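For reference, the structures are reproduced in the following blocks.
Note that chain A is present in both complexes that follow, paired respectively with chain B and with chain C.
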Partner chain A sequence: MGSLSLLDQILEISQDYLGPAAERFIDRQISTHLKKRPEKITRQDIYKLIDWIKLSFALLTNDTDMVEQYAKRLKLVADGKWSEATGKKWAQK
Partner chain B sequence: MQMERRKTENAPSFLRWSANSRIGFTHFYVVIFLILTIAYLAEAILPKPDNVVLTHYHLTPASYHWLIDPLATILVMIWLVSLYGSLRVKAYARLIQGSNDGNGMNLISDGLLVQTISLPIVSNISYILNHIAKNHHNLQPSATIIVNYISLGLMALAFAFIFAGGQKLFKLIPGRVKQLPRIVWQGVFILASCLYTYFVIIQPIHHPLDRRAYFLPDWLLVLTIAAPYIFFWYAGVNGAYNMFLYRRNIKGSIYRSALSFMAAGITVVVLASVITRIITSLSSRITSLKITPILLIIYGLLVVTAAGYILIAIGAKKLRKIEEV
Partner chain C sequence: MGAKVNPQKTKLGQNAEAEALFMSIGEGAFVTDSNARISRVNQTALRILGFSEKELLGKWFPEAILAEDEQGNPLNSIDRPMGQAFLTGNTVSARTYYRRKDGTRVPVFLTVSPVMLDSKPIGAIEVFRDISTELALERAKDEFVAIASHQLRTPATAVKQYVGLLLEGYSDPITANQRLFLERAYESNERQLQIVQEILKVTKLDLEKVVLNLETYDIRHIVSQAIATVKSSFDTNQQKIVIKEPDEPLMAKVDSDQLRAAIENLLENASNYTWPGKTIAVSSRRLKDRVRIAIKDEGVGIEAQDFPKLFQKFSRIPNPLSVEVSGTGLGLYWAARIIHLHGGYIHVASTAGRGSTFTINLPDPL
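And now, the complex of A and B:
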């Protein structure tokens, strides 16, 4: 898991919520709000991106807990805490 | 539509042509569908009813139209709902084309489009050929055979697409999937297929209205009608089942929630189509019933089919939203 790129880590977490649509969702968020190629994303970019992702994600679900959970996990990735961001405790139904 | 334009406005010219041609194809499809639908409505409502039908069901011309005209109108509304659902899925599939799940969705949407347009095509061809056969009785067998094969061909194409799409989605499921449920329903399907073949062959003729459904010798009937129907029903049901497994096993709680509507709708549409065909195959038994049960069966199947397409449209809308935020 340590060998995963930053983008792959974000996608891995996003797939728990958006499945096959995760890659398209993240690519769109990065291209639209950060105006850069997804593979060029940095940890600082993730902090900027989280609020945008929260806004977009909130349009897809009424479950505010899920939205907060997703944002929390992305913040852990940005903080370099990949192992905390993954694991069974975050498992979705 | 805007996303599609954004994708292609800086693309090479051949891609822009391809995108425009796809949009043009959709318009062409809708126009043809509407023409066929209006033609069917005119064919159903305008002509005088058949005297044999009136006598058999103890109807007057007025009461016949009281029954048939609303049925024809509701049928057309069902077709329009089917069109809406199919186009919604196609629009979603176009949005995600080129991706792993996009390829499977695209095939499934093609299957639904074929299934949708087959309804007015078969109805119109059946009306025209049977109208010709009424005045030239020796052409009745040919008319019946042609309609049966066209109906079979279109259903086969639709279900082949749905099967292929289901297969592509099934391959995206991570890990292993339990096979026991599939084995069980395949066993039930084999049994049901044997029963279907039996009932197709034994078609008693007791009344002028019990016109032969196939005008084919039994061996040809089994080989070219019953067997292909069973094969492609299996393909269609398998495709719907693969989509169900995909929905159940793929990651993504929000994606799965949106997909559940589409998966349920496709299952309903496939099963309703199969059941409708089975009932048509048992037509001689049904014409021995009174008119009310026949109408209840027909209305029931139409409502179920419409419900399926509404579910499909809802699912496509939810999935599309994921791609647009």
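And now, the complex of A and C:
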């Protein structure tokens, strides 16, 4: 997982919450809030994006724990702490 | 020396003032937090929707306040204006329907904005008003126009028949001058009937009497048919038409007659507002989440300040060719409404003096 791009890491996490809609959801979030192509996303950008993603996702689910968990996982990517090991750990939860 | 100010007291005072201001807004208002839970609601909102404050505070907004489209279909969360505001980061205004506590529907016009704190979005504020009375007036006006137009059409058609009979020689022989005058009367009458027909068509749409007959079609064929219909206009104006389409079928679920008419409308518009000798390009393609049909002209273009008027009823926008183009100003309004009924939208990009691109975006269900 360490070899995955930032975008791939975000998509992999997002698919756990949004399923097949993840790619479109993330594409739209990045292009509208960051005004850049998804593959150009940086760690700094992710910090800016997390709050917007959280707000939009909170409209899709009533489960606040899930919303918080999704945001936390994205923050791990922004912090550079997302790895294969953390991915497996989250998958077991 | 001035009086000493207690910062704590000032803060409390400001909070109370903000609360009082919020509660006094003459329109319904909600505030939601970062988890889309209602954190504030004012008296007007409670009165319009019939809930108590206790029944709404802390509740998940999409579930507590049910939103529907004109046909009564529930809006999914991301398509709700609040979802659009979060997606774009901008203020969004829209007309929608809310369900009251007693299950009845209320049409509302709302404006929703993300709430920002230190450049970070922390929730949303929504202001809305009940537009039942406005809609009832609009409907009464539409019905009046429909009846008036229908009543006008019958005598106008009779005039056409009798003038036609005179021109065909079914009465006494007519002189060359009489023929000229009758031909002018016939043409004016035809135009009059065309205007009445357009008004009836738009009124039918406004009264929600248009039901789409959705079937899966190859969009390339519909575009070709529309181009064939408008070809005489391109020929008369000596304009070149360029078509760009995919090799494989471009299937989408549409009402082929209505979509073709909307495309014809945009093509006629492109032809009318483009100088002779110029090119009009029509392209169609599938994007990730939609099917797109673009009509690009090298015409007079549109000034930025005129964009909001484009899709309004009876709007005519001044341009270097406006004296040469006749019309009711209903075509674009009708086309936009038809595409909207399909769940899509028309996007316009234009530079005055250089041309315009009208893009039909249709949802892709495949």
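Assorted remarks:
Here is the rule we use: the second predicted complex is superposed on the first by the 84 of 93 C-alpha atoms of A that agree within 3 Å, B and C clash if a C-alpha of one lies under 4 Å from a C-alpha of the other, contacts with A are read in each partner's own complex, and residues count from 1 in each chain.
Assume contacts are C-beta pairs under 8 Å (C-beta built on N, C-alpha and C of every residue); 3 or more make two chains touch, one makes a residue touch a chain.
This is a predicted model, so every value here is computed, not measured.
Steric overlap between chain B and chain C is present once the structures are superposed on chain A.
Of the two partner chains, both chain B and chain C are touched by A:R24. Applying the stated contact rule after C-alpha superposition, one finds that A:Q44 touches neither chain B nor chain C.
By the touch criterion defined above, A:D16 reaches chain B but does not reach chain C. Applying the stated contact rule after C-alpha superposition, one finds that A:H33 touches chain C and leaves chain B untouched. By the document's definition of touching, of the two partners only chain C reaches A:W52; chain B does not.
In the superposed pair of complexes, A:N62 makes contact with chain C only, with no contact to chain B. On chain A, the surface touched by chain B in one complex and the surface touched by chain C in the other have residues 24, 56, 59-60 in common. Residues 24, 27-29, 32-33, 51-52, 54-56, 58-60, 62, 64, 67 of chain A are the ones touching chain C in the complex. Within the complex, the chain C residues that touch chain A are 34-37, 60-63, 77-78, 80, 82-83, 86-89, 114, 120-124, 288-289. Chain B contributes residues 96, 99-101, 172, 250-256, 319, 321-323, 325 to its touches with chain A in the complex. Partner chain B is touched in their complex by these residues of chain A: 15-25, 56-57, 59-61, 66, 92-93.
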